[in-house]
Each structure stands twice: as structure tokens, then as C-alpha cells.
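Read through the structures below before going on.
You will see two complexes here that share chain A, one where it goes with chain B and one where it goes with chain C.
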Partner chain A sequence: MTPRTTPRGVSALARALPLVFFALLPGACNRESKSTRLAADDFSVMSSEMAARLRASYFLAHRGPGSPPITVAVSKVDHLTTDLISDGEKWYLMDSVVSSEAMRAMEQEKNIRFVIPAERLASLRRRVPEASEAGAERRPTHAMTALIRSVTRSAGRDRTDLYSCEFRITQLSDGEQVWSDRFEFKRTAFGRAYN
Partner chain B sequence: MRRTATLLLGFVLAGCRSGPPSGFAELVDDGQYGRARALLADNMTARTRDRDYLLDRMCLGVVELADGRPAAAEPVLTEVFDVLRTQGINDDRTVRAAVFGERGVIYWKGEPFEQALAFHYIAVQKAMQSEWDNARAAANASLFLLQDFGDNERGGRKTTEDIAEEAYRRGGEAGYEDYLDHGYTPRETDFALGYFMAGVANLALARVDPDRRNEASDHFRRAVQLRPPLEPLAQDLLENRTNTVLIVDFGRGPEKVRYGPDGALARFEPHVASDDRPLEVTLEGAGRGTFGWACDVNAMAADHMWNNFEDVRRAKSAIGDALLISGAVVAASSDSDTGNIIGLSLLLGGLVAKLSARADVRHCEIMPQRIYVAAINVPAPGARLTLTVPGPGGITLSLPEIDPPTGREPLAVHYIRLPCRQDTPAWASGQLAYANDATNQRVPGDDMPFILGGTCVRTPDPETMRRYHESGCLRDMTAGDLRNVYHAERITIEPLDPAPGDTHRSDLHIFEGGNVLYTPRKCSTGYARLFCVPHAPYRPRSREAASLARSSSERPPENEP
Partner chain C sequence: MHIRATRGALALALIATVVIASQGCNMPPKGDSSGRVPAGTTTRGEAGSGLMRTDDLISASDRIATALAQDIDSMTARDFANRRVTVTFGDIVNKTSKMPTTDFEYLRDRIKSRLMESQHVRNNVRFIESRARRDELHQRELEGEPGLTGTSQPSVDRDFFCFLNGNMYSVDRPETRLYYLKFELMRASDGETVFSKDYEVKYVAPGG
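Let's turn to the complex of A and B:
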């Protein structure tokens, strides 16, 4: 059989594809951008993406309505970035993931539910006396955490921050990490940092 | 003609006075943070394009922290962080454009040293709230690279004038700005205090993330290299011998003044001289320690690395001398009205250009002269804390109580701003005069609320009512009833009542004639100035409060029939 040769144009495109990919990485250069701080859109995109990936993950792929129930206690997102992220924003990001359509659909399909963590429950009980018995049946089996990191590159008039958000689900009985995934994006700002 | 000249001069002069209102810095020196906040809030610009937008907010944030109100400082300091993290705010806004129109008005971001200190105060505010990840972010933000133009031929650091002369010598008119933009060497910051704060934040995070401990060590190491007296503090913190960090501001920082031809250049001149007097910290029952300063703001402001050369660029862009000469020549040589008008216009234009070339001397007037850092171990709640800067111009401030870190927090950070005044205020004695939410300590007369003639300013909640009832007072009232009395007096109770929509209002405490009942952080100057000195009795405004106050004053003591 005669080996097929790759047309010149196709091989050129194949070499260019990685460059295209990095150029199209979310948050790629925008000449108008003046700040690399996280924006509301970043949280929305992150949470949608992570929910979709969790739904498609190996951890949940083989589960069905009859699988042993899983209760996942979620925590607010932690961060080691160069940005200020309020507690409200940290909770918003995690809440966005677990309350997304993809995740809500999974609750019945995969027999999994998400609950608030113990400290948030304690706060709720203090604030709302009528809720003193709330969450009595929680009994979480897993914990879901997330950590956002950033790396900054600043040169001359530009600054780029690369953000990486990693979600993890840990089995509480033995500490085994049963799922993790990472979402990365960058933001670039132009102009002198101080002037 | 006259109208044109008046308009031109008026336009220029309108841009000359800016910055915090007159008297603001003096109130802060005096420790009158409530009145300082009110003065600033009343004069604060709301227009984001106004040149004083950020300056006002930076000042307000620092004063709120000094007054023991980190939560109140958060909105304005968050705005400050947002602006400081925005790049190129003043790009494409040449000095010429700033002089002649609304468009392209220079947006004050502060000198680099002011920006670094702003990030520092944001880090302190976050640390006071135990938001260690955010404190880490803000402290790291203060460690930006600096522009080093090196030393002069005399062996000292280059001054602004040296750099301006160098710019002309190397590039002439055409290459002047090119030298300012490229003639420096980027250099790592020498902001030791920033490294130290980053170390503190990382150390606190290490409780849940052990990797942060290595980052803390690295930051502490760098801080000690830059400022060796910080070494014992760093060691004590890393080895868990201390659990509390005090950030103490002293003295008024340097003043930005004009100098040189037509006042075109600016420099910072010390208001309080730098020296090596230590901070003495005495914790009741635990002994005394001394701590050197971690940041000398005079020294920072004097180094060209911590300045932004805006005045140097403006001086070059002004063509006042040339215009003045040509205007005078035309006016003198012309016999016609037209010629006179042209000559006078050139003359006025020259004057305008010369006035507009004057250096912008806006600066944050309430930066301290120096910042001390102390690391102490507070083993149990309720110990008195005394801070002393000895010698002429020094002060001793006692705070009634300091507590160890709460809950599971590994560290507590407290910010204390020492007043800068000739005499020691009465409230610096540390003698508690009013019962409040931050302490269980009792004081005479605290069985009744202040608004009804007593010495209690606790939040009216069930626990407070229990105390009143046990003393035989207000037995027929509930917490809700008492809150209604406060509301009848138009008093807002923080944090029970909703915050006003305008986060920049700085309502005064009821002790100062205001209408807010709040409790500052216990280990703060704000706490001492409010709760450690007697205030004028309260005058009820509502009939209900007046009636209750009257009946309480007529009430016989508990033991008498």
C-alpha cells in the first residue's frame, strides 16, 4: 500500500494549531484591558466548565440512581492569587458549580447530593433559631474543595496573570482523592502599573 | 479681554488646590478620627474621574483603620486596590493635555511609596479580619519592582534634579522622556515591611496549608536582609513563641513641597525627623519588649526609586519661558489694539503654562513618619497593653485590654496609630470609662445605657438586658423595647441596623454628638479615645427617652426602701 503523504497546507496548519490554541486561551490579549483582576464572567465560565467536567468524570460515569448515596459537603473556594476575593465571591464560585443545571440533573441520575459544610451550618443555626435541627441528616461522605492560584508576569508596560482553579473531591472515610480537575485562564492588562 | 484672562487664570488656579480638606491632617494627628472622617466624608469627591478620587479614599481607609473599624474601611480600601491594580490610568494623558482641558486630567495614584503603603494598609485591614489569603495578596502587591536610576557623581543617590539634568544631557529635548522611560534598571523592592507582612500572612495560612510556611520563611528572610532588627520578631513568629502582631504608626509623614524654577519640581521634606527610637511594648503580667521601626517613610520618600517623576515630565513640557519672552516683545512693540491683544494673549498663555508647570504637590498627608512592628505573646485575655515611644515628641498610650487570637486563628494582627501631639491625651491612660461589647469589664454606672444616664454603650441585646435587669433597671423592658428607644433617638446600632447605602458616610459615635452606636476594635486608638475618657452626658431628643432618663435618675438605689 502506498503511504499517504500529508498535504503541505495541512502540515502547516498542524504546526500552527498549538499557537492558535494559546492565542485563543480564554482571556487572551485584549488591547483595551486595564486590569488583570478576576471578573464576574471568570467565575461564571469557571463554574460552568467545572460542572460539565465533573458530570463527565470517571468518578460519576459509572453511577446510577441505584448506586450507594453520596453526600458531598462543599467548602468556599480558597485562593493564593494576587487578587482580593471576598468570602461572598468564594462561596459564589462553589455555589455556582453545585447549583448548575448539570449538577442538579445529576442528583437523581447519580444519587449524589451536595450539602453545605459544618461551619456554615453552625452559622445558619445561630442566626436562625428555627433552623436548630437543620441538617441533622447530613452525614457527608465526601468533601469538595477548590483552590485558585495565580502566577504574575510583569514586564514593561504589560502585566499578565495566569489563573489556575483546581477542584477536588475527597472521600472522607479514607482521605482518598476521587476526583480533581483544573481550569486555567489568563488575563493581560496594558499600561504602566504605576505612573 | 479681561474676561478671557480671568477665565484662563481661574481655570489654572482652580486646579491648584486639591487634596484632603484643610485641617484634616491636624485632626488625625490629634487622634480625633471621628471628626477627621466626618470632615473628609463631607468633602469627598464622588466623581471617579476627579483627580482626588483615590486620594480621598486612601485617607478615609487609613483613618477608619486607626479608629478601630476595619469593616468600615473595607469598601474604600477595596476601591483603592481596584484602582491601584488598574494599569495605564494616566497613559496617553500628556501633561499638555492635563493642563488645557477636562479630557486627560491626571488621575492621582500616588507616588510609588504611597502606593506600596496603600497596599500595606489593605493587607493590614485583611489581616485584622483574619482574611489571610487576601492579606497575602495585598502584601505581595506592595512588592512591585522599582525604577533605579543609580547614584550620582557625588556618591549619593540621584535626586530628581540629577535625573532631569541627566535626561537633557543624554537625550536633549527629543530624548528627554525616552531617558525617563528607559534609562533605569528595574530593581527588586526594598520595602521590608511589605515582605514582613507577606511573611505574617503566609505563616497564618500555614495552619491549613503547610507549604505556606516555606513562603513565609522566604519573605521573613528578605525582610531581615533589608531590615536586620526584624530578625528576632521573625524567629519568634516562625517558632510559635508569639501569637500577636502589632502594627504601630508614629509621627506625621513627609510633606510634598515645590522647589526649583517656577516651583516645577517636587520633593518630600520630613515633618517629623527620622531617628532610631524604639517602640517599648509592655504587656501587663508578661514583661516588656523593645522593637525598632520596620519602615521609615521619610527615607522611602527621599529615594528617587519611590517617586514617579511626574514633576520632571511636567517641567519639561511647560514652555512658559519661551511664551513669556515672545509675548512681552509683541505687546511692547505693537501700536495697534490687535497687536496688544495678541501680545497679551501670548503673555497670559505663558503665565498659564508657567503656573501649570508647577509641580502637583497632592499627597497622602496622613502617612506616618515611621511604622513599627512588634510581635508579642498574649497568653490570656484582659491584659493591659502599653506602648511608648520615648523622648521628645514621644507618647505613651495604654489600652485597657488585649486578647489572644480568637477561635482557631494562629495569629492576631492589631493596628494602632499613635497620636502625634504635644500633650498626652486623657484617653491614653487606659482607664475604661464605659461598658461596651468588646469587654466584660464592669464600670460604675453601667447598669443603665448611656442614652438614659448610665455608662453602658453595649448593643441592646438579651445579654445586655439581663445585666440591666440584674441591677434592678429597665425590668419592664425587652431588648426590642430598648432598641425602639434608640431608634426614637435616631441612633443607628452597628451591626444590627442595616448599613447606609452610601458606604462613604462616616457618622460620628453618639459620644461625639453623632448618631451611631458602634464598638471599635478593642486594641485600637479608636477604642481608647471613645471609651477611656468621660464624655458629656447624653441629651435625649425623644419624649420616651427623656421620660426614661428622668425616671432612672429618680430611682432610689437598690438597697434603699
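Let's turn to the complex of A and C:
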């Protein structure tokens, strides 16, 4: 014999269902991001993507171990976004590109080397008396810089930020940009957002 | 009688649940699990903002870069005796009512990046940093280096030197907003416009 739901059970279920739904609804909707701020994962993805792109770039494509040496000085990322990005985050993004395996391999394969940033060298010389002559042979030929921009759009409680991170290498002798590439994505948020 | 009424209430509750669930959590696109949304996606925040959609900024930069790449041979032959042209960023005149100038700076950066992807363009055009930026880099990286102090920036031949300038306008009417963008290359020596390409987009929406 098939068990049957009693009329009382069905009635209770009918009353409970909307209550259960309304109890779960705010939780489900709250999973939507309330901020378009750059996430930690964005920094990791940007750095690994840019390292891969630089390795495959036209700038390095025709270089080999016997090419004239290139010495690249890096600096922290410039940012023109509405985000608050700390100095550590700016350095993290640049350092993680330079320190990536893809870039380390470039030193031998493409005769390109990265040297200590000018800002760090100045700090080292200032703090450590023994290092006052450090970096005397640094002599960068190129500078690698990066710029993060954002384009913000909002309507009502919907907000979208388009982030664009551009890396470029500039020849210091004449200011020519010898390589430039960018990584772009959006973040959306809904609700009362506090970025 | 009581069972029929209860079943009716249950069906009503189910329908209400489905309807509310579909309307109440009508979320904007969330992209993949990381929360990133591809740059080419139009979101609700953009569609109702009254400003140029980022997709149109991307589309404008693509079209202008493509037009310049296509015109590069005739331009260098006609105006620069087939010599490589040096380009730097010039001025952006933003005469729109609402768009921030930083959005157009993004557009200009993107035009440059797209152009630099082309070997053909790189053979004919080189981009250099602005004078202020060159001086900043020079001072930061080379000042104080033994044997390099005082190295001056090389001068650029102004007959083969161009500024990439932009002009942006908008026409605002109830429920309609039109944006007009134009980028041009201006030769430094005589101010002649050697390349120009525009982009126009109009949005029609209740409330503008």
C-alpha cells in the first residue's frame, strides 16, 4: 500500500514552503558581489597572464642567447582606478611577473636581465651603509612599467568596473615603447556597494 | 473539500515560489567562478548608466586602430617620404556632458596597444613616451648612475613626429544620447592633420 500524505501534512507543507523560500532568498541573493574591487585572484591572474604574454611577445620573439644584452629596471604599478591599491599590492603585481618561471627562463634564452628597482636600490643604500656602492653596474637600458585603469559604470544598484592592466617596456635611450600589452576584464556588483 | 483547498494552496505556493525566485534574484552576469566578467560583455550597470558602454569604447579603439593600420602605407608615403614616424600622445578635448576624460585616456591607450600588435605598423610607426614621462624615467633610472649622469634625451625630428589627439562630443536629448569621438594624428612641424578617424554611437532609452 502506497503511503499517502495526510491532508494535515499537505497543508503544513503548503504553509511552510513560502516561509522556507523567504528564509533562503536573502542568503542566495547575498552571494552576488557587493563590490567591484579587485580580488586577490585578479592580481595572480594578471601577473601570470602578462608573464606569458611577454614571453610570447614580438619584443622577445627574435631574440636569442647571443642578442645584445637588455637590462630591465622595473617599478611598482601605477594605478588610475577608483580602487584602493596598497604599495604592497602594486609591487606584488610587478614582482610576480618578473619572478615568474617564464621570465627567469628569459635570462638565458633571450639575454635579458632584470635589475633591482631604483626605489629599492635607493632604500638599500640609505639603510645599509655597506651597500652605498651597491648596484654600481646596474645600468638599465629599458624600464618595465604597468598601469591599471578602470572604467566605471553604474545604474541604480548595478555597478560595473572594467579593469585594464597595461604592461609596457620603454627604451630608456629615447623613450620608445618597444612592447605593450594589456589584460582586461570586468567586475560587477549589485546592491548598496561600498568600494 | 478540505483536501482540494489544501492542494490549491500548495500549487499556489509553488507558483509563487517560482515567480519570486525568477524575479527576486535576477542577477547581473557573474562570469566564471572567479567573479570576473569578460570585457566584451554588456552588463546592467553599463546599459542603464547613460554613458558610453565599455563595449563601444573597445569597439571604437578597434575601428580607429584598424583604420590607421590600413592607412599607414599611404600616409607615410604621402606625408613622410616613407620614413618611420614617431608618435606620442597629445591632447584629449572632452566636450561631452558626462563622460570622464579618463575613459578616453583608456580608449587612447587601447588604440596604441592594438596598433603595436601589428608588425606592419611597428615597421612604420614608433610610439614614444611623453617628454614628461621620458624625463621622469630618465631621472629615476639613470640619474646618479656612474658614467650616465647628465645623458640628455635625443631630439626628435619634428617633420616626422606626430601627436595623437582626440576630440569627444555628445548631444544630449531626452531619451537620446549621441557620442562622437575623433582621433587624429597631427604633424608636429606644421600642425597638419595627416590621419583622422571618427566613431559615433547613439543610445535611445527611457530616461536617457
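As a convention for this text, the second predicted complex is superposed on the first by the 161 of 195 C-alpha atoms of A that agree within 3 Å, B and C clash if a C-alpha of one lies under 4 Å from a C-alpha of the other, contacts with A are read in each partner's own complex, and residues count from 1 in each chain.
Following the convention adopted for this analysis, contacts are C-beta pairs under 8 Å (C-beta built on N, C-alpha and C of every residue); 3 or more make two chains touch, one makes a residue touch a chain.
Bear in mind the structure is a predicted one, so any value in this text is a computation, not a measurement.
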{"item": "Chain B versus chain C as contact partner of A:S154, first or second or both or neither", "value": "both"}
{"item": "First, second, both or neither for A:A56, with chain B first and chain C second", "value": "neither"}
{"item": "Partner chain(s) touched by A:D42 [first = chain B, second = chain C, both, neither]", "value": "second"}
{"item": "When both partners are placed on the shared chain, which of chain B and chain C touches more of chain A", "value": "C"}
{"item": "Touched partner set for A:S164, first chain B, second chain C, both or neither", "value": "second"}
{"item": "Which of chain B and chain C A:G191 touches, first, second, both or neither", "value": "first"}
{"item": "Chain B versus chain C as contact partner of A:K34, first or second or both or neither", "value": "first"}
{"item": "Partner chain in contact with A:R138 - chain B first, chain C second, else both or neither", "value": "second"}
{"item": "First (chain B), second (chain C), both or neither touched by A:A105", "value": "neither"}
{"item": "Partner chain in contact with A:H79 - chain B first, chain C second, else both or neither", "value": "first"}
{"item": "On chain A, positions contacted by chain B and by chain C", "value": "80, 154, 158-159, 189-190"}
{"item": "Chain A-facing residues of chain B, complex", "value": "78, 81-82, 84-91, 109, 112, 115, 122, 126, 131, 133-134, 136-138, 140-141, 144-145, 205, 209, 308, 310"}
{"item": "Complex contacts: residues of chain C adjacent to chain A", "value": "2-3, 6-7, 9-10, 12-14, 16-17, 20-21, 24-25, 27-31, 34-39, 41, 43-51, 53-54, 57, 102-103, 105-106, 109-110, 112-113, 116-117, 119, 122, 126-129, 133-134, 137-138, 140-142, 145-148, 153-154"}
{"item": "Residues of chain A defined as touching chain C within the complex", "value": "7, 10-11, 13-15, 17-18, 21, 25, 28-29, 32-33, 39, 41-42, 45, 58, 73, 75, 80, 118-119, 136, 138-140, 143, 145, 147, 149, 151, 153-156, 158-160, 162, 164, 166, 170, 172-177, 179-182, 184-190"}
{"item": "Chain A residues within the chain B interface of the complex", "value": "34-37, 78-87, 154, 157-159, 189-195"}
